[in-house]
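There are two complexes below, and they share subunit A, which is joined by subunit B in the first and by subunit C in the second.
== the complex of A and B ==
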């Protein structure tokens, strides 16, 4: 029952840990990584679903990025598989609505519906993999700072930053409460509604109490409702390698989108 | 109900993104103005409280409860609950930041689909269901039964509107072939049931908070928004909504035409979507070389492409594995 809470704690810690490693990808400016990630998503998702072979080539991005970030591709793949049930469920009716034959393999006719089902699932998996690899090499705080430097409004960036700060505390608090309840449940899988309401209500009251305490503590240190910009010495300078990374990957992704390499070669 | 990147087209993502960004801009303006009207002590609390309550919603969404009579379990979205404490615009901003963090940590919903998710979940619950239904039904001294009824109605409406928006976005994207009417019916029916569960859960938590801390509920601790700001907000929203419609419509038009830019240009110039190879010696030799060097010349082009792409990916994977970064031990 507490699996998701443990998983959240693990993911937050693991993300910050991998972002702190001195890997080639971690040393690239977070803004460059975010822009390339957006280009990857836009170019990949704008491909028509029938072009499965072209879509497959976009896997080059997460595979290469995972290698450069020192993360096992197996881990990235495992995390991306969670998307399959939701995406496949919505794309499954394609099999029944798109019955035109697309190709034949040893006498077995494969219809357009099967191709688009595979393509949509692959789009979902690749999109998640791109996000997972970039966030793991940048960290949540690094991403937040990059968003701020890319022009995301100050209040929203502060809000994300503050929420991130207190997620760990709140998840730990929820875990303690849930463990206390679980020890009295005698292996029941989920909480009855009344008990859940008491637990969540208690968590909410604790959160509000903590929010007020945090507000007082921040006010005593001069907080006036806005997060200060990071001092210049704490921000990474844009270097030549960041420009190279940006130009090389954006052009590669655009070429993958425009030219049909798979059909040209084979 | 998180929308995935795989199910939307870039044009729909752009349209929803414009709406979400404009709503966030309005929320920021409203919150800033609201903070300036509060007394200094409460002003200092507002933003840290929003952060901590965002973290609370994040944690609370991971604790499931048994839905009575169904044997299944569910969790809260938290929009109505947050709006009852922070007010609609501050709750919208808080829930949007939670959705952004969920997309980053858990890959719940995609980065491109963030605009859709903010509109479907945060805007529908905090900016539509809460002010129109919850606030109308609940007065400051409302009974527990009235609060429960308002919670259930507002939650059902928020989830059904969100589900309808998700169906429309999926249909407009044209990625899945499921007819919109059928998809809409399934989504609305499922979310009606989930909405009742969410409403009961929200009512139960509100009852507990009302018992222990009645001072923090229904924006008692926050002053009301000035009507001028609301009017300006409505104007900005309408402007951006129209812009989103125009952008969405124009992008969809481009997306729906079958040939891509290059093919279209060739078709205009050569009156055929493909160019014929010139019959020169160089071209004949190149074609012959391609035929000899191509790995699967006799295969169906699509299958060859798929197998070829698979081979390239395998090659990239092997190279990436060999040259992967390995931390020094």
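== the complex of A and C ==
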């Protein structure tokens, strides 16, 4: 359990760390990355479910971005698989409602419901992958700052940052609690259910206390609910390469949406 | 004489709890280094948070640099009063040391150049320029404490409040911190039960006992009164005992 919590902490920290690497994607202005991500999500999610082969072509975006961000695509894929149970649960009823046959593979009839289920799951995975690569190459704070600069209400951007910050504190508290419990477990390997409930309650109280302490520290330095726009070295100027990145990727994604490349190829 | 900080008959109680402070009054002059000493639960941290407006008194009033503490004057007062918390981990919440230090000045409507200058100056003052790009949670205890101090110095406060600044530091880091604080010309209020640090830094001590000012006198005089210290759950500093011996 402690190991998993350590891994969770590592993942949170690794996000900020990879964002500071001098990779090609990290050099791109965060606003350009966010606009391209939004275009990716809109074009990919609006593609009809029947165009499954075209949908798969959208994987080009997270694969290329992961390479440009210096992250292994396997890592991005692993993280995105977490979404499968949630999206599959949403899409499951389609199997029962959409029963018209769509295609036949080696004598097995595939109904529209199965195609929809697959399409929704694939969209979920691709959407998470897109978000993961952008955050990994920009950092949580950088992403929130770019959102502010793009005109997203300050309160929303600040809330997102503080929520992410709060998650780290909560994982830290969980780790300390877990270590305290494990140190007194002796030969016992599992905890009674009632103790789990108490520990969860304790974790909530501890994390609220910690959150309040951080809140007080922020308030004492003049924070009134709006994250500051940190100036100078932290704010990249818009450059030609940002425009190129924006134009090339938005055009590619729009073409993928409008033209049916997969059908042309196959 | 012009008082920089005035506490006038301050009462404060947390919701559903006994009074944490009961009629606390004292004044601080410009440039004074004063210790607030007391056992755990004596009300030291509460008193510091009242100086900064993080808590508002139930009754009585606080005046900082001629400005009365009210909801309206909070931002003015927080620019003048820098609070350094006991747990530096709570104070450092930005992705890097530099961004954390720039956080306060960025909220003060300064130009980009001014924020950059203040950030660099604060880092220089506490000697952490080399930590500029580090993530705060990877720092040692002493480095975290220095960074926490820099986050406040960057706002160029007139009054520095330090809550148990030496807690959790190894002897060398503790000594370095004391030397650093000794060099400050700010008005300082240090809440602590590290009596040796008080002996080193503060010519005046206010003793708090169960939310009441038990004594407000020159530090030497307070250290001479062993029974008073004992009543307040404290002891003479080791250095003092050795000196008297």
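Here is the rule we use: the second predicted complex is superposed on the first by the 183 of 266 C-alpha atoms of A that agree within 3 Å, B and C clash if a C-alpha of one lies under 4 Å from a C-alpha of the other, contacts with A are read in each partner's own complex, and residues count from 1 in each chain.
We adopt the following convention: a residue touches a chain if its C-beta (ideal position, glycine included) is under 8 Å from a C-beta of that chain, and two chains touch if they have at least 3 such contacts.
Being a predicted model, the structure only gives us computed values, none of them experimental.
Legend: residue contacts after superposition of the two complexes on their common chain; A:27 is shown touching neither subunit B nor subunit C.
By the document's definition of touching, neither partner reaches A:75: not subunit B, not subunit C. When the shared chain is aligned, subunit C comes close enough to touch A:139, but subunit B does not.
In the superposition on chain A, contact is made by A:158 with subunit B only, not with subunit C. Of the two partner chains, neither subunit B nor subunit C is touched by A:252.
Once chain A of one complex is fitted onto chain A of the other, the partner contacts of A:205 are limited to subunit B, with no touch recorded for subunit C. In the overlay built on the shared chain, the residue A:123 is in contact with subunit B alone; subunit C does not reach it.
Of the two partner chains placed by superposition, only subunit B is touched by A:67; subunit C is not. In the superposition on chain A, A:218 contacts both subunit B and subunit C. In the superposed model, B is the one of subunit B and subunit C that contacts more residues of subunit A.
Subunit A residues in contact with subunit B (one complex) as well as with subunit C (other complex) are 140, 165, 210, 214, 216, 218-219, 223-224.
Considering their complex, residues 1, 4-5, 8, 11-12, 15, 21, 23-25, 37-38, 41-42, 45-46, 49, 52-57, 59-60, 63-64, 66-70, 73, 79-80, 82-83, 86-87, 90-91, 93-94, 97-98, 102-105, 113, 115-116, 120-121, 123-125, 127-128, 131-132, 135, 140, 143, 153, 155-156, 158-167, 169-171, 173-174, 178, 189-194, 196-205, 207-208, 210-212, 214-216, 218-219, 223-226, 258, 260-263, 265-266 of subunit A touch subunit B.
Those residues of subunit B that touch subunit A in the complex are listed here as 2, 4-10, 13, 24-25, 28, 31-32, 35, 41, 43-56, 58-60, 62-68, 73, 76, 81, 85, 93-94, 96-98, 100-101, 103-107, 110-112, 170, 175-179, 183, 200-201, 204-205, 207-209, 212-213, 216, 255, 260, 262, 294-296, 299-310, 312-313, 316-317, 320-321, 323-327. Of all residues in subunit C, those touching subunit A in their complex are 49, 52, 54, 75, 78-79, 81-83, 85, 87, 90-91, 93-95, 98-99, 102-104, 106-108, 112-113, 115-116, 133, 135, 137, 151-152, 155. The part of subunit A that touches subunit C in the complex is made up of residues 13, 16-17, 20, 139-141, 165, 210, 213-214, 216-224, 228-234.
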